[in-house]
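Each structure below is given as structure tokens.
Both of the next two complexes hold chain A, though its partner changes from chain B to chain C.
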Partner chain A sequence: MVRNRVLLVLAVVALLAAFGLAFVAHAPNRLVSGQPIPLLVAAGSRVFALLPGIVLLFAPFLPQRRAVHTVTVVAAAAFIVALWWLAGAHAAALAEAAPPAARTSLGAGFWTLFICTALALIEAVRRLGLRPASGVLIGAAVVAVVALLGAAGALDQLSIVKEYASRREVFADAVTRHLVIVLAALVPTVVLGVPLGILAHRRKSVAASAFPVLNVVQTIPSIALFALLIAPLSGLTALFPGLAALGISGIGLAPAVIALIFYSLLPVVRNTAEGLAGVSAAAIEAARAMGMTQQQVFWRVELPLALPVFLSGLRITTVQAIGLTAVAALIGAGGLGAIMFQGVFANALDLTMLGAVPVILLAVMADALLRLLTAYAERQPG
Partner chain B sequence: MIELDRVSKRYGARAAVDGLSLMVERGEFFVVIGPSGSGKSTTLKLINRLVALSAGSIRIDGEDVLRFKAEELRRRMGYVFQSIGLFPHWTVERNIGTVPELLGWPKAKIRDRATELLTLLKLDPDGFRGKYPHQLSGGEQQRVGVARALAANPGILLMDEPFGAVDPITRGALQEEIARIHAESRTTIVFVTHDIDEALKLASRIAILEQGRLVQIGTPADLLSAPATDFVRDFVGREDLGVRLLSVEPVANRVRDGDAPGEPIAASASLRQALSRMIAQGTDRLAVVDADGRRLGVLMLADLTRP
Partner chain C sequence: MLKGFTRAAVVAIALSVAASGAFAQDAVRVGSKIDTEGALLGHMIIQLLESKGVKTANKLQLGPTKIVRSAIVAGEIDLYPEYTGNGAFFFSIDTDPAWKSGKSGYEKVKTLDAEQNKLVWLQPAPANNTWAIAVRKDVATANKLSTMEDFAKWVAGGGKVKVAASAEFVESPAALPSFEKTYGFRLAQDQVLVLAGGNTAATERAAAEQTSGVNAAMAYGTDGALAALGLVVMSDPKGAQIVYQPAPLVRASVLDKHPAIKDALEPVFASLDLSTLQTLNAKIAVEGQDAKQVAAAYLKEKGFLK
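And now, the complex of A and B:
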């Protein structure tokens, strides 16, 4: 009897990946594609580490009680750590017998198993009905254990870690640059978007003109919008050479930040307006009848009650901006996207991953953090 | 004292309130009643300026309401309405303290006042002060709504169909609370309703509105015994006129010497309650006692029909 279809689908996909796809791939150097190595071969004598994975295969058929969810959470967390450890250990074993240029990279099987297990973990945490903060803590704990494995050297022979080791400084700069671009876009977005959202809520005419424009902007493909801004900005700097001295030019940071602001505005403006529209009319009438001034009604009643919806808009915008910033590397803005595209153009998958994985991680972390903040605002806004 | 002098409120060509004049004495329980669209809620909101006057004037203790800042005026009046409008993000205590907080009372004083009001409205202060509105039943929410309106000791309490959305049992209990609070505090209450039984039960005087105009004003007994127009007669209910008359007179008025077996009735109960008890118990006489349980005499079924 199937008791949990989500877990069943994940288990089937994970089984197919475990037996059908390469867990790791071994190549004599980074330019040739590697020899696929399936999970069981890679595990070898460490096959006992697969035990939590076997436990997970039973989860879809067990009665959906708290105890089962708890076991699922523990097993999934353990299996994620086990996957990294197995890949790292097998890479180390292969490295002993191979020349220094040889590479062991994570295969499609690894990534599929990893994602399926992470989704199973999220599903079980959700079913447990834990507080949002506890869910984030569990996620952070898993990331921390994997990071500890890395720090202890257990993952050193994986090619993604090797790529990192040879680019430590470039990588650190890219992460910083990425965050700077995101923040440089988000701060003006909030400063512009919140007042615009308030206006859109109060005046129908503002809403009627602002939303269609912002909606159209959202439909322009990001790469096209980045490219579109090159011409006018180059023109501007040609007209006013002073701008170039400020670091504004057709490529680089300026067009990236401007385009990001355009994209980011819609969720912020829309959710600010929607949040305000959702405030109970009775509460506003009561506030006025109690003798609150317009200002007091806004700050004490409307704003705190609209905050959760606004924060969920900010969350959408932040996650979107982190992703779009990766694309902005194509117009020379830098950031993690630069590493990613370097890998794509050099056909070096591990380098691509070194850029892509942190982007995903940043987006997931921002999402979790803002969800937490939203939940907090919902529970105790006053 | 609240004076409405030829007050009108127009929305475009339509007059919601049309040349209304009336006077509410200090300490009265004044009920404004009428069908939907009669302008009763608008009249109430004109008093605290939630709705702006189109014509006429409103004076409170002789001073025109337009002379005050609207916010200051509202802080001096309690306001309770059907949808309650508790602030969902504030605790019960902070909700009750809304107006005192606006007036800048010290924290300790606000806390003491909240304790006092929760007790007055029969809510356990320690159990309720930290709760959020969504944790309360409808009746409890409206008790908090009343407490919030009373927090800063307003001279006037405006109530707009306050018990319209609660179940009949809770409504009865809330009506008794508000009658008791009125009797103890002598706050002037202006109370809007469309429920004639509620009006007869609570009012010292009733004003009946029809299409924004005053049709009749008087005590409950006046309205029942001498309805001014057919509209009023329909409104107070032709069929139920008799029992409604009984509902506005206490047992004490018709008690005679004697005694009767069975459970006695309080002298303060209405004749309607007495009749109901007689029918339910299959008897034609009830012993009557005062508030301390002392025997006063007997009420006979025949006494109810005496003019």
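And now, the complex of A and C:
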């Protein structure tokens, strides 16, 4: 009877969330918890928008054919858009009768339905056997339609969008700043980590001393490492005033980037070494037999064959750096973490979400892009 | 080949470091704490300095008190709003009775910071953002509570109280223990709910929503959220608490270079009394307005900015 267990589990969780949890919550101001409003009440006369969701409930029981997968993809994409539209429309209706400080927030029910539907979408795309690039495109299209809804003003009365509206000026800067910190850490990480990985592969002694150190660094809590760098860096700039002119100081970007490099090195070094170790001896021997010099063997055989493993290390380290950068806001580095912690300190949940959700989105996007690159590198050895 | 990598590494690090710098060094770097009032006062300072032609660099909402304080001592920011009473903790002399009065506390921290750190405290605002206990309005009305004396009598007489507070508030001798000693009451262990790392936003919310039976909360005098959350502050007529008046704290060398800072800021801080700060903080914390716009609107309304 049941043809797809993944979709069945998702459908059951989504049903429980739809009837058991608040879809949106309405509060007199942004500091207090709101009155929970279930999905059907919020939908009201717009209940027709739930139709794609009903289609998804049948999907686990249908024969697993391409046509069914295609319908599932379309229904899931439509349902994600419908969820946002319904929440926005109900928030707008509530706002008409409420004082200006009142807020309508997205509830646990909304987020659960949203995540279940997104997972159903991923499952159906996977079953369709599409190329990774097509999957990424479908995801981007759904995000684009929701963004269009927002641009058209359909989501304006949602609390998280109100938080965005009052921080429109600093939000874009925060995203840019976040990415600058991540890049400023990743470029030196790759430049230092790749040679170190190559050395670790070639010399046992390097591997034996580098890996324990890098492993221990990973276990230091990030906030502690950020804070520990303030004193020595301030001391350095006091000794060499020239450093301050370069922008190195105990707070802000410098300690954040240095700490991030420490954390980011391990996956890059380890995967470079592992990737090289995984290159078959036969391939190297064949290349030598063809008359390649040692340099040529490295650049034309070892490096291309090790590339996929290296790229997956880079993917891990990038996703990790995007998350850790949020914590760096506590030492004045700025970025999306600054918005997140302002929310935490003011106990304004939606402001916290405004900082946290883009961090998750950035991490998911970086993960998808680097997966694509890895798949491409695997398909084209050399 | 590895040599090439090393050279590339040095260049890349130098580049990423240089890219991170490039801040104009002659601009006055204005910082603030990460909280609501920090954002409000910080934006006021930036707008006022800019209006007097003093160039600024925005370092607002840098982090918690410890980070901002070490930043100005290390010379990494030039100016930020700080509370006079925090001198008690910066100089580890929190039992000194001088802190219990606004005037003597200001004189004390001004002298100490000038001698030890070459920092100048400008005139503080006439508002006291001190620690207080706020009680749910329904409880306060039913038991006729408005001062800490009423509160102490009510607790001693078996009043059903449960206070949400941070560990610091419960343990620091200058905070809850000082209230207990001055007004003669004692909260039993089950009458206090300690929120780990709790700030007043969290404790006030707990009281407003009666989490775990909480009906009172640790609060700050100028918190904007109190009225919106239906809480009443118990006044402190015997002065059990350290006085915390917000004042601009500036590096002496920067003030020498830009003497206009003093004239730009002092009249504005003089206008910020308790109820003004509460109202402005509420616009940001409760209504979610942008701190920059709230600051600009106030400065224009009062004629400090055109």
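Assume the second predicted complex is superposed on the first by the 377 of 382 C-alpha atoms of A that agree within 3 Å, B and C clash if a C-alpha of one lies under 4 Å from a C-alpha of the other, contacts with A are read in each partner's own complex, and residues count from 1 in each chain.
Here is the rule we go by: contacts are C-beta pairs under 8 Å (C-beta built on N, C-alpha and C of every residue); 3 or more make two chains touch, one makes a residue touch a chain.
Computed from a predicted structure; not experimentally measured.
In this overlay on chain A, chain B fits alongside chain C without clashing.
When both complexes are overlaid on chain A, the residue A:R288 reaches chain B alone and has no touch with chain C. Contacts of A:P221 after superposition on the shared chain: neither chain B nor chain C is touched.
When the two complexes are superposed, the chain touching more residues of chain A, out of chain B and chain C, is C.
Looking at the shared chain after the overlay, A:P63 reaches neither chain B nor chain C.
In the superposition on chain A, A:S280 makes contact with chain B only, not with chain C. Look at A:F298: by the touch rule set out above, it reaches chain C but stays clear of chain B. Superposition on chain A leaves chain B and chain C with their closest Cα atoms 19 Å from each other. Per the touch definition, chain A reaches chain B in the complex via residues 280-293, 296, 300-301, 304-305, 380-382. Across the interface of their complex, chain A is touched by residues 1-2, 5-6, 8-9, 12-13, 16-23, 25, 31, 34-36, 39, 59, 61-64, 67, 70-71, 74-76, 199, 201-202, 204-205, 208-209, 225, 228-229, 285-290, 292-293 of chain C. Across the interface of their complex, chain C is touched by residues 28-33, 100-101, 103, 162-163, 166-167, 169, 180, 183-184, 187-188, 191-192, 194-195, 198-199, 230, 234, 237-238, 244-254, 257, 295, 298, 329-332, 338, 341-342, 345-348, 351 of chain A.
On the side of chain B, the complex with chain A involves touching residues 48, 50, 70-75, 79, 81, 83-91, 94, 98-99, 102, 148.
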